[in-house]
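Common to both upcoming complexes is subunit A, partnered first by subunit B, then by subunit C.
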Partner chain A sequence: MGELLQVETAQEALKNQEYTQALVDLLFQLADDDFILAYRGSEWLGLAPHIEEDVAFSSMAQDMMGHAVMYYEMLEELGVGKADDLAQLREASAFRNAILVERQNGAGGYNDDPHYDWAYAIVRSYVYGLHKKVRLESLLKSSYSPLTLISRKMLTEHRYHLMHWQVWLKQLANSTPDARARLEAAIAKVWSDAGELSDLGPNAASITGFGLIEAEATLREVWLKETQAIFEAANLSWPGEPGAAKERGRAGEHTADLIQALATLSEVYRIDPAASW
Partner chain B sequence: MAQVNEHVHEHQEATCWELLQEVKDPEIPVISMVEMGMIHKVKVESGVAYVEVLPTFVGCPALEIMKKNISEKLVEGEGINEVQVRFVYDPAWTSDRIALDARDKLKSFGIAPPPVGFQPGDTWEVTCPYCDSPYTTIENLFGPAACRSILYCKHCKNPFEALKPIY
Partner chain C sequence: MNTQLEHSDLTEDAKMEAFLAKIDRGEKIEADDWMPDDYRNQLIKLISMHGISEIMGALPEKEWVPKAPTLRRKLAIMAKVQDEMGHGQLLLRVAEDLIAPLGKTREDIMQDLFAGRLKFHNVFHMEAPTWADAGVIGWLVDGAAIITQSMSLDTSYAPYARALHRICAEEKFHAQHGESIVLELAEGTEEQRQMLQESITRWWPSLLMFFGPPENGNITSNQASNMRYKIRSQTNEELRQIFLKKYLPRIFHLGFTVPDETIYFDEAEDKWIYQQPDWEEFKQIVKGKGPRSAHRLHLREMSYEETKWVRDAILSYGRQVG
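Let's turn to the complex of A and B:
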């Protein structure tokens, strides 16, 4: 695209149907990624390794949930539906999050003998966080001005999440053989899904064509380069090219884990949508 | 007539700013939202006060309380019948927006103020709000509110909180 338009408001975006469609598709990816991972984070409440971590993890989940709200509100402004309904009433097939964020935290359930995997929580949060940073930095140059403004704000918060996971990764990587072995197993598990993070979905060409965000290959290259440097600094071997699950979350294909998550998180809202919190 | 209106609005806006000094940050009751640098604009037109607020954190659960407190306070103003509060992200709130004299109030409340003019790559060094010792450690980047961290002073042996540099 030679000349890119800069779109200042939702009203302006709505004048161009194709632009609106690309924007809506991207916003669902951004919103659903943060929303579902924030939900998985909230499922650690009371289960984190120590009380300070419990505070930290729930703070980060709260920040991410706040980011998801902003994206859902942008969708509401574009006439897609009420933000709360978008979060709580859609079927799994309407979600556009990557499979990585919907995976359960480990064996068992939150209310049913949880044997969650802390190493997986660290690696998933950090790898996702590193990708999110690259995505937000790219959105600073988005053709949709409301996205550039909110990305600037989110980055100020997000850098603290990265610092936090950085400490955990380094410490576990240089700790006991058991810690290191668990960390490596978690990396392998995360890595088998992580490749989907920079997938922009079936409408990718339009999303990047309208200058909403940079191309998948660019996002991926920057993200992998930065992640590799961090792995090396932590003395971890580089797992190579990331894989992707057989389901494609960006196209609305999901695992039973997402269905479980949605059923739990929307239970109260579905009983009484008018309940005030 | 237009000029008279203009004058009335200016006067009402000044009143609003004064009233807003009384609206405290719900999580730090010693300083006002004005001192926190969170009030971006106040405009009054035909009895309606429009207030633009800059959130410190996007997902801060206190935002709705702030909105309510602002509305309840401003309708006390003469000729203000309605208040509309809007959260905006341009400019982005940064910790440099906190008023200089409000920083001492934060200290008196046991919260170390954020550094002024913090740049990416700077090291965040925090002195104890009780004894001014630089001999402190971060216990947890994340505290009881999104904007705060938990620290410990190895000199006077007090735990304390610090406002994160947001830049």
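Let's turn to the complex of A and C:
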């Protein structure tokens, strides 16, 4: 098996239990990353530095949420559960997102005294976005055809997001000393978590063995190389090897930030998950 | 031989006469055209209030954006509230052109809002404590907004008319979005129906207030001049009756009530006879003394102040690259 296998449909995937398990593990990483970061984006609504950016930022959060929905629906197709239940009824320990995306936007609640950090929003979105691009490009060669298909679609939208972040990074890095200092602090903070992005979780060997996506080291190398070039172009010093949080999100270990996020985003649905909303 | 006088040679009275004749012919005024100061001031007041109401109006719904109950609803409400911000942007651009000759900018509009000099719509001062409020705001508040804005689609000021055409088209989707949330709750469990009834009850006085006090035959000088200038074409009470005729039958049809035991439709008069909301309370609310006024203004002002460094950075970058 392995490299030669090309799976065209969910029904076909389900014939091989190990393949299905690897696919499900990967899909949860993809879905949860986009879902939680899109949620963080939705918390920014109405709070961005100017109205034009509020509209743009929201649009990108929606695209990301839309991508999460596609992944959850692929999981639903594989019989894992209803997409809405997967997004809203799992405990934090069942989430496979990287810690980077669950960190809160800043102190305070989205509705009560949010002291949100725009520099962190920009750097996190961009660093995550650059990794996502590498991941999607790798998925174009995935053994699971439905993944290659939606990755192509997502990449089209995603390239516009990256252009947007690039403009922000360049502007903030080359404007006032205050903005520069805030940007550098944000980079340090993002960088201390970012190394986990290319972690494929405890089942990584099986995920790459079945040709679902390329190896962690490959993803990481391409992503770091591209990111380094972008930092240099923006006159930013290279922060070196990225670190990782002490919790391993890909293994279901999470911070209190995720627990709070899940409680908020599922508050209404949990009133009665059997009801129609 | 051209005997026509240059516009700049005309007296103020003659300019005014020509202006009124122009709008009476159904012609439109553009931002760079001559206009009476009074006309400009009425437009600034109306459009900056409308624009800022769209932006403040995003806040009650924003409370429900991260909590929307299904993935589809999450996507829909994010898009909906984003549209409202977009409407605010469109309208503020129209207002910016009008205030530019007075040496003012968007910054002045924001500071007027924070200082309480610029009011926003009464409905956005109110609480939205449940998910049903997200539905009722979309269905009934946006429904009411479509009625007042449709009146102004043919406004004499062309840039406002163009913005309104786009806004109204999107507002229709919003009303459908709200209606879809409401119908789901109306056809749902007992708990969901109760949540919806409480929301309709809660919003009823605000919805009546939305159109402003009834004229009772005494049209204010503001309203009269706005009608003369063809900025608006209907009175508060006429608009409110359109709203009641459209929505009350739907509310009753779904099996819900409004908190007005004596309300009835007078066939002979062809209008709904309803109990007046507390108009004194209305005045207080729009002065910024509604239940959520301070909280929402604080949220807007705080986020604006805390991101000042970003706007400064953009300006600085712009200066550097020329």
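We adopt the following convention: the second predicted complex is superposed on the first by the 269 of 277 C-alpha atoms of A that agree within 3 Å, B and C clash if a C-alpha of one lies under 4 Å from a C-alpha of the other, contacts with A are read in each partner's own complex, and residues count from 1 in each chain.
Keep in mind that, in the parts below, contacts are C-beta pairs under 8 Å (C-beta built on N, C-alpha and C of every residue); 3 or more make two chains touch, one makes a residue touch a chain.
In this text the structure is predicted, and so the values were computed from the model without any measurement.
Peer 1: What is the contact status of A:V69 with respect to subunit B (first) and subunit C (second): first, second, both, or neither?
Peer 2: Touch status of A:V69: both partners.
Peer 1: May I ask you to name which of subunit B and subunit C touches more residues of subunit A?
Peer 2: C
Peer 1: Let me test your reading of the model: by the given contact rule, A:L149 touches which partner, first (subunit B), second (subunit C), both or neither?
Peer 2: Touch status of A:L149: first partner only.
Peer 1: Could you tell me if A:M60 is touching subunit B, subunit C, both of them or neither one (first, second, both, neither)?
Peer 2: So A:M60 only meets subunit B here.
Peer 1: Does the superposition put A:Y116 against subunit B (first), subunit C (second), both, or neither?
Peer 2: second
Peer 1: Quick check for you: in the superposed arrangement, does A:E157 touch first (subunit B), second (subunit C), both or neither?
Peer 2: first
Peer 1: In the overlaid three-chain picture, which partner chain does A:E52 touch, first (subunit B) or second (subunit C), both, or neither?
Peer 2: both
Peer 1: Which partner does A:A92 reach: the first (subunit B), the second (subunit C), both, or neither?
Peer 2: neither
Peer 1: Check the residue A:S42 against both partner chains and state whether it touches subunit B (first), subunit C (second), both, or neither.
Peer 2: A:S42 sits against subunit C, while subunit B stays out of touch.
Peer 1: What is the shared patch of subunit A, the residues that subunit B and subunit C both contact?
Peer 2: 52, 55, 59, 62, 65-66, 69
Peer 1: Which residues of subunit A touch subunit B in the complex?
Peer 2: For subunit A paired with subunit B, touching residues are 52, 55-56, 59-60, 62-67, 69-70, 149-150, 152-154, 156-157, 160, 163-164.
Peer 1: Which of the residues in subunit B come into contact with subunit A in the complex?
Peer 2: 55, 57-61, 89-90, 92-94, 139-144, 146, 150, 164, 166-167
Peer 1: Flag every residue of subunit C that touches subunit A in the complex, lowest number first.
Peer 2: Going through subunit C, the ones touching subunit A are 55, 58-59, 62-75, 78-79, 81-82, 85-86, 88-89, 92, 131, 184, 187-189, 191-192, 299-300, 302-303, 306-307, 309-314, 316-317, 320.
Peer 1: In their shared complex, at which residues does subunit A touch subunit C?
Peer 2: Residues 39, 42-43, 45-52, 54-55, 58-59, 61-62, 65-66, 68-69, 72, 83-84, 87-88, 110-111, 113-116, 118, 171-172, 174-176, 178-179, 182, 264-265, 267-269, 271-272, 275-277.
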